[in-house]
């Protein structure tokens, strides 16, 4: 079960990398990250983690409310 | 019934195995739903410009409503499928 | 194998929810579903199930036809 | 050869385990393809307005052709890869 | 582990089919592939394989370079 | 620690099982990242017209830079998360 959580974490992580790469990197005239791209990636990952955290809080609350309700 | 059941020889061990399997399946399912919400609400609420790293007020409120609405949709669809199952 | 089918079913189900949510919900000025959104979700899931069923029928027919053909 | 093979000690048990593994893999694969067809043909054929819950005539015909075409593409790609494999 | 590679291969394969189908097939007035669609599918899968191969080469090089670097 | 540990009875067998599990997890992870790069760089670099089956010069160069940049992003995000973890 620990292993499962590790896997979930890694999948979240690589999903984040993919998402921020897709949003921030559009210039392939160079293989180095420009400072603008780098800032975008940092903000993007920062925001994504805060987003996931907030979704997690609401998810937990709503899940608790829904307890006892028959599963779909 | 169990994928790993081999009859009687290992009573307690087999049961643990099965329970662990079930727990993992449930975690799988919940984390699948969670990931879908993270992804859907990110698309709906987060502007892809990334001028700053904090959630702004509008984004935060949007996330709260988005998660709640996703749960509502989940519930509606679940009800629909149960009644469809009952009629089938 | 039963477990597998259950998993497939649940994945189909949560994919359906995600798809209909994405298509039907675009107003986040409220956390409650509007009646318009609700109708859209009901039609969407209805249609999705009929779609999957029809794909399943064609899939089964074509699979049967293709039997004996070497797998890719 | 098998992930679960432990030599001779459990002949019939090990074989069953292996067969179940293989069956699960095959189901996995078929359901992966099936899900991709459901998703692709939904994008190609179903209008996202959802004014009604039934498939209309145009959508139904589109689905039939879409599934058939997906199979054709699958076949072409398979042939291509086999000949590529033969030349490599 | 062999089984794992087989699975990865099959997943790559079915991803390729889906991708080329999506890019190349947009006419559903017939269930047969037109010769134009067929050419597109052949080029698409050809290109996809060459693309994957090239990504694989760069990936291996960069992975080798990164060896010893702590994992994320 | 292991999902399959059942105490002492099968020393060598259990260890192999564990190691195989770990190896599979790592392969899983690497192939997840690889697939994401294949997909992202395909979207970024390959024109969807498919007039020919070879990569042209521009596409080839784009792929090389795209993979390198993806690694850079991966590294930056990893550093960020480690420092976030250290502060949490």
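The chains carry the letters A, B, C, D, E and F, assigned in the order they are written, with residues numbered from 1 in each.
By our rule, a residue touches a chain if its C-beta (ideal position, glycine included) is under 8 Å from a C-beta of that chain, and two chains touch if they have at least 3 such contacts.
Remember, it's a predicted structure, so these values are computed and weren't measured experimentally.
The minimal number of chain-to-chain contact steps leading from chain A to chain E is 2. Residue-numbered contact pairs of E-F overlap by over half with those of C-D, the repeat interface among B-C, C-D or D-E.
Using mean Cα coordinates as chain centres, the one most removed from chain F is C. The rotation relating chain D to chain F, fitted on Cα atoms, amounts to 120°, rounded to the nearest 5. For this pair, chain B with chain D, the centres built from the Cα atoms lie 24 Å apart. Chain centres here are Cα averages; for chain B and chain E they lie 29 Å apart. Chain A and chain F have centres, each the mean of its CA atoms, that are 16 Å apart. Shown for chain B are the residues in touch with two or more other chains, namely 3, 20, 28, 39, 45, 64, 68, 74, 77, 81. In chain A, the residues touching two or more other chains are 1, 11, 13, 15, 20, 24, 42, 46, 72. Of all the residues in chain C, the ones that touch chain D in their complex are 1, 4, 8, 11-12, 15, 19-20, 23-24, 40, 42-44, 46-48, 50-52, 54-56, 58-59, 62, 66, 69-72. Within the complex formed with chain D, the residues of chain E that make contact are 1-3, 6-7, 10-11, 13-18, 20-22, 24-26, 28-33, 37-38, 41-42, 45-46, 49. Put simply, chain F touches chain A in their complex at residues 1, 3, 21, 25, 28-29, 32-33, 36, 39-40, 43-45, 61-62, 64-66, 68-70, 72-74, 76-77, 80-81, 84.
Of all residues in chain B, those touching chain A in their complex are 20, 23-24, 27-28, 31, 34-35, 37-39, 41-42, 45-46, 48, 50-55, 59-60, 63-64, 67-68, 71, 74-75, 77-78, 81-82.
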